[in-house]
Structures are given as structure tokens and as C-alpha cells.
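Down below is the structure, laid out as C-alpha cells.
Letters A, B, C and D name the chains as they come in the text, with residue numbers starting at 1 for each one.
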Amino acid sequence: MVAMTRVERWERRAEVPLLLLSLAFLVAYAWPVLDPRLDRGWREFFETVSWTVWAAFALDFVVRLGLADDRRDYAVRHWYDVALIAVPMLRPLRLLRLVALLRILDRSAAGSLAGRTLVYVSGAAVASVGLASLAVLQAERDAPDATITSFGDALWWACVTVTTVGYGDYSPVTTQGRVIAVVLMVVGIGVVGSVTASVATAMLARAERERRTSG
Amino acid sequence: MVAMTRVERWERRAEVPLLLLSLAFLVAYAWPVLDPRLDRGWREFFETVSWTVWAAFALDFVVRLGLADDRRDYAVRHWYDVALIAVPMLRPLRLLRLVALLRILDRSAAGSLAGRTLVYVSGAAVASVGLASLAVLQAERDAPDATITSFGDALWWACVTVTTVGYGDYSPVTTQGRVIAVVLMVVGIGVVGSVTASVATAMLARAERERRTSG
Amino acid sequence: MVAMTRVERWERRAEVPLLLLSLAFLVAYAWPVLDPRLDRGWREFFETVSWTVWAAFALDFVVRLGLADDRRDYAVRHWYDVALIAVPMLRPLRLLRLVALLRILDRSAAGSLAGRTLVYVSGAAVASVGLASLAVLQAERDAPDATITSFGDALWWACVTVTTVGYGDYSPVTTQGRVIAVVLMVVGIGVVGSVTASVATAMLARAERERRTSG
Amino acid sequence: MVAMTRVERWERRAEVPLLLLSLAFLVAYAWPVLDPRLDRGWREFFETVSWTVWAAFALDFVVRLGLADDRRDYAVRHWYDVALIAVPMLRPLRLLRLVALLRILDRSAAGSLAGRTLVYVSGAAVASVGLASLAVLQAERDAPDATITSFGDALWWACVTVTTVGYGDYSPVTTQGRVIAVVLMVVGIGVVGSVTASVATAMLARAERERRTSG
């Protein structure tokens, strides 16, 4: 309908390569966490991959900034990208980009709004659980008194948390682990809320249809 | 209204027998779990019943496939049935077929959409709690450090989990038990969401009615 | 508008006396639970009050049955009252009648549907928490390994449960206590659902109003 | 549109000074809680600040009462202010006034109703978590058997509670701490409910738009 701007055309073309880079980053991030006895050479290799992905994302952002009409405005509206590049600590958050995979699925998928929301929400929940498991495991593993010391336990803890069940058989004890936990809880509330909203929307739509048919 | 296809006619005629077979399967599955000191003869009898039900379901599917116009398409759309027959591990899931009992109740019951949803949701919640209790008990009973070791405890644990309360006085320690727990939590979120959506739909309908009456 | 039937006229006239009897029952039920060292005389007195209230409710039901046009139909539609009179174990449930107090408040109160729902829900939640605290305390007090042994603890446990937080610092260990807990959890889900539905209804109404004003 | 009454004009003019006083009160309240080894001089200083803020709020209310047309009616409708001034114990609740900051933000912010609700809810949740952490820490710190003994733990406990996850690794043991916890749980239910309602409203609005576009 509307002609695409130059930035939009670049963004669309860069989408798939950046996704693949995110996947590479996922492997480079997850592998050393999952296998703590990895030897030095591999560890350095994954470190290199991780920084290469960072460089590629930085480059991509510089290009987009160069193509934008109003650079200041573009940077402000994409503060998220700026933060991810400026603060290397936040790098794992780049994995959330993988949620964009869902957007690609969504484009090709037909279906009601409620159905599409459920797909998004499930995807985001699964991605968050996986990512939070990795991050919590890394934060907790070497802490004294830590209960979360294997990936299986971390995954179980993340599922118990995102559903807001919260048995308390495992819980983080480090500050970093607790920050990750709070993010996961907020995601959990969002998940519960979206599921509810989807069901409500679907029910209202069906009630509306029934009223029309009978009226 | 529309003429039924041959497959649909078969499905309708086979519904009640398959339900009865599912009930037989429930007994054959639950009894040995509930009575771990059952003697060998009975154990083998229930095993035989369980496989007979499997054979009957497989036969039913073959007949339906034979009656279908487009067999490939039918198999793809009924991947759920295929999986249940191909992977014997998933047999307990066949018990979910009992939820179809609710559909039969629903057909005869009148009532608002919100009311019908509540009936469905309650039925699904009760069925899930019962099934999860059995499955968790079987998975946990012989594990060292297990806290869930009697059916009463398993039932209590399942109720605490499906409502997302999660005291943590009992929680599964085996991988199989935790997988069952996660499924139950997801059901719990769905239950909470559906109850909320039902209340919201009923309230909106009432608000609409009040506005019309007063307007 | 419509002329009241004889039963309805009786029901309306009997409402306040029955409420007062329910209050007397509440005192007679709660006092011995809260003060376990009550001497024998008082204990018997409260027992007598409790059975007198039961007799009054039974009498009321007989009168209503006598006034009804179709007695069989009336008994079926009021199965709840029949159960309460026939099964003395269920007597504490009579306290739920106090929720009728809210209906009286509601009649005089003006306000939106969402607001009225919140009043109802809060009232039901507070009544359920109080009642469940008493019932759980009675069930758990003398059990070995019980953690809920004082009314303060029981009240705290009930609040933690109805909100589905579930710390697990206190949890029932007797079968009777756990049945009460499950009822309270179901109430909790209803409370959460109704709060959500009220907020959603209020928001939708406001969005509608904004659209009309601006449109 | 409508001419403002004298009270309204005063209220609008007093808003910012009272907010600043609330911030001063926040500092005077939080500092001694966070640093229990504060020396006597500072402690007395903060005490003085706290009472000065109380006096300023009392004065503001007297002025508003003086300007009101119907003083009795004004006092009844502002029972909240009366309680806050009459019961010094409730002083920390004055911090909720800081939520008014959100109202100022809201006035300048554009956006959908659902978006604005999310901003409000997030603000109220963050404010409640912070305030509850401080209040619980003060209540629990010196109790025997207390688990919440540092601000970090209190903050973690508050996050776990407001999201209704409830691990139970930390939980209050004093009556005052538990009252604060129950308030926080109620806030938590409200937060979950509002998030859900916002998502539902946004989804319904979008579904409506899609129907119009396609219809």
C-alpha cells in the first residue's frame, strides 16, 4: 500500500541474516553454560562468536541510522537496540529477537486474532523459559547455598515460576538470579493475562455470532 | 442439515463403544497404580485389557481411514489419533477422550455460552487432576527423596498445582513427574483464564441487557 | 410489577429472621473453635443453639414447601436447602447465607455493575476466608504434624491460599483440612476471575463512552 | 468547560508542593529503615521531617475544608484524608500519594485506554512493592525466627508476593508484617486483573477494527 522507506527495505532484507546470527549467538551462549567443563579453546571460540554477533548487530544499527531520515528520532524510537549494543551485559536479551521468528510464522499463518495471540504467547513463554533457565543457571551455579545447580533443575524452576505456581523447592539466591526471576514472573503474568484475554475474545465473538444467527 | 459423510456416520456410531473402552482402559490403568501390591495374575489381566483397548482404537482408526475420501488428508488432520496409536507411551492420554462425555452432556444441556464453558472447564479440570494424580503417583512412587508416595498426597498435590497455589509441601522430583506437572500447570492457567473469561462474558451480556432496558 | 407468589412473600418476610439465626449459628460455631478450653456447660449451650438453628431452618423449608404450588419441583430447584438440612455435617455452609446480607446492601446501593460485582466478590472472599479459617483450625488443631494450630495462623493461611500465593509456610495435613483448602482455592480462582472481569467491563464501558464522545 | 470551584483551584495549586512533601516523607521514612545503625541525631531529624509533613497535610486539609461549600459533605467524601491525618500509624500510606505523579504523567501522555491503564498499574505495582518492602522490613527485622532481615530480601519477597508466585523461601512471621503482606497480595490480584483486562480490551478493539475493515 504505502511505499517503503529505505530503512524499512533494509530492515526487511536484514531480517533473516540477523535471525541466523541470533541463533549462532544462542549456541555460543548456551553451550558453555550447559557444559561447564568445556575446554579453554572452545570457550574462546564461543566468546569470539558472541562478540562477532555483537559487531554485526552494531553494524546493522549504524547502517539503519545512516539510512533514516531523522537520525535522532530513529535512535530515540529504537532505544532498545541502542541499549543492547551499548551495554554488553544485556547481550542475552538479544535472544528475544528469536521471537521475531514467530512474526514470520504469523505472516504465513491464517487464523483468528485469538488464535494468533495464543501462538505468540506460547512462543514467547517457551523462549523466556529457555532463556531464563540458561541465565539463572549461569548466575546460580557457583553460589554457596544455591539450589539451582543443573539445567534440568533450572528448567523445572522456570516452568514453576512462569506459571506463577511457585513451589519454592528451587529458588534463586543471588541478586542476578533474582532479577532474572522477576523478569520471568512479569512474563508469567503477561502470559496468564493473554491466555485469559484470548479466551474471552473468542467467547465474545462466538456469543455475538450466536446472537446474530438466532436474532 | 448437511448429509453426513461415511466417516462421520461411523464416528458417530463408534462414539459410545469407544467411550466404554476408554472407561475400561481407565480401570486397567488406575487399578495397578492405586494398589501396588496387586498380585501377578491381575497385573497381567489389566495389561491385557490395556493392549486390547489399544488394538480396538487402532482398528477404529484403520476403518475410518478406509472410509475417508482423502486418506492422506484425513491422517494429517487426525495426527493426534496417529500419535496415540504409534507411541504406546502416550496411551494414558487416551483417557482425555473421556472429556468427550462432556460433549454428550453438553448436547442435551441448554444454557448460556458462559455456563456451558464453566461446565466444560470444570470437567476438564477434574479429569486432568485425576489423571495427573495417577500418572505422578506412578512416576514418583519408587523414586528416592520422593514426597508424593500415596494417592491422597498425589490428589492434594494436583489440586494445589492446578489452582496455581503451589504450597511446595509436595512436589515431583523425577523428570517424568515434572513433565506431568508442567502439563497440569498449563491446564491450570487455561482453567483460570476460562473462568475469568466466562465471568467477563456474563457481566458484559448483563451490562448490555441493562443498557437496553434502561435506554 | 408481577404479583408475588405466596412462597415469595414468605421468603421475603423470613429473610431477616433467618439472617439473625445464621449470625447466632456463627457465634455458636466459632466460639468453641476459637476457645478450645471452654467448659462443658458452654459447649453444650452452643451445641443446643446450633441444633435450634438447624430446626428453625428445617421448619422454614417445610413451610415453604407447603406454600409452593408444585412441591416436587420446588424441592428439586432448592436441592441446596435440602442437602443442608439432611446432612448435618454441612451445617457450617449455612454461614454462606450471610452472603445474603450483601444482597440487602446491594438493593439499597446504587452503582455500576462492575462496582456491585466488586462488592459481592470482596464480601464473598472475606466470608470464605473467615469461615475456612475456623473450619481448618477445627480440623487441624489436634492432628500430629499440623502447622495450623492457632486462629491467627489459620487466618494467615487462608489469606495466602485465597490469593493463590501459596507460600507453603502453613498447609493442612488432614483430609478434612485439605478438602476445605481446595474449596478455598476454587473461591480464590473465582475471586481473581471476577476482579479481572470487573476491571475489563469497566474499561470497555469507558472506552465505549470515549468513542461516542469523540465520534 | 465548567468553572472550577474554589476548592478545586486550591487543590490544583497545592498538588506539586504536596508531592514534594510526600517525597521528603519518603526519604524520612525510608532512610532509618534502610540504615538501622543511624545515629540518634539523624533519627530525630527524620522524625521531625515526618511530623512536619504530617502538619502540612493537616493544614492543607483544614484549608480545603474552609473553602468547601458543604464542609460536612466534603469531609465525608474525603474520609481517606481524614483517616490519614487522624491516625498517625497510617502515615506511610501517604506515600501512595506519589501515585498522583502518574496522573500528572498521564495528563501529558497520549495513548489508548489500555496503554494508560498499563502505565498506571505498573506504577502502582512498583510503588506498592517498594513501600511494602520498607514496611515489612521495619516490622520483621527484630522478630525472632524472622527470615526477612535485609532490604534486598524484603524487595525479593515483595516481588514474589505481588506476582502471586509465592515461593515461601521468605515469609513474614509478625502480625504487622502479615497485614502488610495481605495488602500486597490484594494489590497483586488487582495488578494481574488489570493486565489481563488491558490485553483483552486491546484485543477486542483490534478485532472490532479488523471486522470493520474487512466488512
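Operating definition for what follows: a residue touches a chain if its C-beta (ideal position, glycine included) is under 8 Å from a C-beta of that chain, and two chains touch if they have at least 3 such contacts.
Being a predicted model, the structure only gives us computed values, none of them experimental.
Asker: Comparing centres built from CA atoms, which chain ends up most distant from chain B?
Answerer: It is D.
Asker: Copies chain A, chain D: same or different interface, half of numbers shared as the threshold?
Answerer: Because under half of the interface numbers appear in both copies, chain D and chain A meet with different residues.
Asker: Using mean CA coordinates as chain centres, what's the gap between chain B and chain C in Å?
Answerer: Computed from C-alpha means, the inter-chain centre distance equals 32 Å.
Asker: Nearest whole angstrom, what separates the Cα centre of chain A from the Cα centre of chain C?
Answerer: Centre-to-centre distance between chain A and chain C: 45 Å.
Asker: Multi-chain contacts only, two chains or more: what residues does chain A have there?
Answerer: Counting only residues that touch two or more other chains, chain A contributes 164-168, 192, 196-198, 200, 204.
Asker: Touching residues of chain A toward chain C in the complex: what are they?
Answerer: 164-168, 196, 200
Asker: Could you please specify the touching residues of chain A with respect to chain B in the complex?
Answerer: For this pair, the touching residues of chain A are 152, 156, 159-160, 163-169, 191-192, 195-200, 203-204, 206-207, 210.
Asker: Could you list, by residue number, the parts of chain C that touch chain B in their complex?
Answerer: Listed in rising order, the residues of chain C that touch chain B are 113-114, 117, 161, 164-168, 171, 175, 178, 181-182, 185-186, 188-190, 192-194, 196-198, 200-201, 204-205.
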